[in-house]
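These notes open a run of structures that come right after.
One chain, chain A, appears in both complexes that follow, with chain B as partner in the first and chain C in the second.
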Partner chain A sequence: MKKKLRDFIFQELIFVAEPGQFSDDDDLLEAGLDSMGIMRLIMFIENEYGVTLPDTEIEPSNVQSLNALEQWILRHKKG
Partner chain B sequence: MPLLSAFKQRCLETPEAIALIEGQQQLSYQQLMQRIYQLSSCLAAVKIPRPRVVIALDRGIDATIAVFAVLGVDACYIPLDMKNPPHRLNYIINDAAPGCIIGKGACPDWLESPELWLDIGQADFAPSGSQILATANPESIAAILYTSGSTGTPKGVALSHRALANFANWAASTFTLSPLERIASLAPFHFDLSIFDLFSCLSCGATVNFMPASLTLSPSRLTAWLQEQRISVFYTVPSLLGFIALKGALKTTPLPDLKTVLFAGEVFPTPQLITLCELLPTVQFYNLYGPTETNVCCYWPIDRERLQPEQAIPIGYPACGALLEIDEKTGELRVQSANNLSGYWQQGKLGSALSADDFYNTGDKVSLNGQGEYCYHGRLDRMLKCSGYRVEPSEIEAVLLSCPEVANCAVIGIPDSTSGQRPAAVVVLKPGAKLETIVKPIKQGLPAYMQPSKIIALDALPYLSNGKTDYQALLYLLEKN
Partner chain C sequence: MSISKEDILEKLNPADSFTLAMDEEIRKDGLAGNFGCFALRLSKAPDIAMLEQRINEFCQRFPVALSSLQQIGKRHYWCKRDNPPPVFFLHHCPENKLEADFQQQTIDTIINHKQAREFAAPIEFHLLTGVTQHIFFIRWMHVFGDARSADLILKYLCTTDEVQRQQFGLPVTPPLVDVQLGKYRWWQKINLLWKGKRYIDQLDSLESIQPFHSGLAPQRMNYSIQKLSVAQTNQVLKLAKEQVGLTGTSLYYIGCLMRALEIMHPNSDGAAYCVPYAFNLRKQRAMAPMTGNHICALFAQAPRAVVQDRKALFAHLKQQNANVIRQQMDYAFLPLMWAGSWLSLAEYGKTLRLSYGSGKERSSFWFSDVGRMDVPSDSFPGATITDLFYACQVTTPPGLAFLSCIYQNQLTLSYNFAEPTSNVEQMAQLHQVVLAQLLGEPE
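After this line comes the complex of A and B, so read on.
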């Protein structure tokens, strides 16, 4: 799952020098993910994984890093 | 009515009314006026050598005080986007050639002209002076708003008192603003949307509430804030409203106080607008159109019954007393308006920007529909609209070409259903150079919204048979990769 998220984020949303060196805990917001990027990311996730991410959970802490994103998605995939 | 007259009147008539709110801090009209007098007496004491003052503050209470204090000493204000990298900020400051720079606290290290720095904190101890705000000549420049320039460097749109007042008065009456209004303000002051928040709203005795920027990352918190602050009017960009429509928890967050929503800066995708209209059934929406050079020159009150998902909404009817013309050959919209800029400020002086007959040529292609409404059909040149910001590809190209590793480059916009367009770049690197070496110059040279979201390296740029860059081929390559 992280590979797919990674590809989408670094190919479509933000440009970083070496995506390979961007760790799963590095800060996506600092790297340039903005409100429009978050919106596109959420639409991508909902389509790709068939989950519905609740409106009230869209906040910086859940989109801060690849690990945070994955955990957020998994919480909703199970439930 | 002169720009500051109505505001001054409000300060006298309703001194106790709340003018500004920023987080836990709020100022009444009387307190605001007091702070403005203190800062303007500081400015008068400094005897600024040139009647231009850069405001190096983020939007908010301090920046508002600075704007009015600068106008009060008959100077013009030049708001900086503090999120810009220092290189671009210094460029703008040098180009503006100001007499003073108002900031907060100690002068930052990056500033190339520290002798101009004035800490707004000093004004707290200043006497309130003569308690007079100058009444400027209507043709005096009131503001210079820097925007992306097609020559590769930012350019300043110089707006007179006449231009700001004409828009402010039109908006106040068209949207029937009352002193009871609670206005959410999100636009940075270098963005022309802020002219509404600062001048239309404060002229009406309304309360301007600065929305915390972090809320834009969390649409449900944003709508909860609108509810809690009982916001009645909000002027912002479609991309943010689209985010709220899709993910703002509006079904469980009714906004009974919200009555007017204005949007401008980019095309609002109609399906998202329909969703938003359904979620906010009692709100009146308005589509406002116009480049910074003309401010709003066209507007359309949203007619819900006419919204069709597959059909773009019109930009509507002439606004602010503008006279509109469509060039027969090109379809370009030409605007004659009291809102029009006085000229472009570049390299310390004012250059002309209007045609001989006083029209501004927008570079936007438009047509008239059967109902006599204007409709927008995109740009005639390469300018991009990214989340409401206007971006000239040539400015990004100039930064890329300044990297020693880059032999050639081209920047285009990739269409995006949520934010209009996103800049993307194709670069041709010099032999042996690596793509990652150009990242630092980009991050240092361009604000976030201008940074390409995608960069690919090619051996050569694709050209058309006439020798021009083949932008269609570039778009294909960037979308495929």
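After this line comes the complex of A and C, so read on.
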């Protein structure tokens, strides 16, 4: 899952010189993930994983890193 | 000047053509054209030789900066010139003039300078110096680039290391509008085109409110810059997050201006506020493409009754934005821009501006948010950047463009307006109401 998220984020949303050096805990918001990017990312996740991520849960703690994103998706996949 | 196909440097992409149609519309109003501007206040006179060297280097690497916009057949192209235009200008305040007056008058002259489109330089750099006040001013034709282009060019000029400067503009890619359009098969493009058309038709079912409709012909552009303190900026960002969520800072600014206009002009005609805004197709922090427009457009629309209820307004704008992205309306404007680029400028301008049916102006005001500007304050050649603002031209109606950026944790709002349609006093009053809305103060 993280590989797909990583590919989408670095191919479509944020430029980082060396994506391989970007760890799963590094801060995506610091790296430039903006409001439009977050919306696109959510749409990608919903289409890709068949989950619905509630607007009320769009918070920094859920989108801050690849690990946080994965946890957020898994919580809804289980539910 | 006779032009042949061998002189073509670049053709316009569909988003460039979109801004060209707006250039034509602004020129039809009798104003200078569709220009954007960045102004940097500097701590002292900069290192002029170094600045000039970087500007020259930039123009050599990106020769479209010295080109001429020419029409060949029905289309427009950036073409080589026999004699490159001057792009760097020095303006020094005479001893007998107040520096603040000199700067204001000089910027006013630069912004309002009228020139045939094919003679105008795609980008100009002006350095205004005095004894104590210094401004570096960039004016660019919107057809040449969007605000992110100007931001990248500014960063290029502020990059000391030559090897790092070489990284700007890399990797070389086709226009991102074309890249995005290329992801769709032909039937998907047609599907998107109709989606876009239905989206616009739906917007047009409500007549747009025109707060500054006075019937007076515009004579010149003016601007009013308002900088918020760090504490005010933090308060605005906190409220934006609370009320519109992590995905909606720009929507918060738009909503606050809608509400301020409604408070100040409750009797203006129309049923809803309708505001176009662009989103950039470049990846965040990308250093390419340097020039050209890589944008697509969206609209924020809110009926008058919704605007009157603050909580309902932000919930509405947030939901509208989410729906638009969920339904992929955000990319639906791309094939419309592609199709529009084949129209004459007059037809395209009319299509972009006027509602189907009523034939009235669709936009209540223009909006652009460049977000956080992260050019380091100590990176300018030989001086420190103390302040920064952003300005642009706009058609009349709507006669108002509302721009925002954050620099050094301070939100700067730029009200760009056509005189005599509106005036400085009106903008000062408007800002007071906008500020109260941004800070969530009780009415």
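Rule of thumb we're sticking to: the second predicted complex is superposed on the first by the 79 of 79 C-alpha atoms of A that agree within 3 Å, B and C clash if a C-alpha of one lies under 4 Å from a C-alpha of the other, contacts with A are read in each partner's own complex, and residues count from 1 in each chain.
To be clear about the criterion, a contact is a pair of C-beta atoms (placed from the backbone, for glycine too) under 8 Å apart; a residue touches a chain by one contact, two chains touch by 3 or more.
Every value quoted in this text rests on a predicted model; they were computed, and no experiment measured them.
Touch test for A:Met36: chain B only (first), chain C only (second), both, or neither?
both
Looking at the overlay, does A:Asp55 come into contact with chain B only (first), chain C only (second), both, or neither?
both
Touch check for A:Phe15: first (chain B), second (chain C), both, or neither?
both
Both chain B and chain C touch chain A; at which residues?
Dual-contact residues (chain A): 12-16, 32, 34-36, 38-40, 43, 55, 58-60, 63.
For the complex, give me every residue of chain A touching chain C.
Counting only chain A, the residues touching chain C are 12-16, 31-40, 43, 55, 58-60, 63.
Where on chain A does chain B make contact in their complex?
Of all residues in chain A, those touching chain B are 11-18, 29, 32, 34-36, 38-40, 42-43, 55-56, 58-60, 63.
Chain A touches which residues of chain B in the complex?
Touching chain A: residues 214, 216-221, 239-240, 242-243, 246-249, 387, 416, 418-419, 435-436, 439, 442, 448-449, 451-455, 481 of chain B.
Applying the document's contact rule, which stretches of chain C touch chain A when the two form their complex?
245-250, 279, 282-287, 318, 321-322, 325-326, 371
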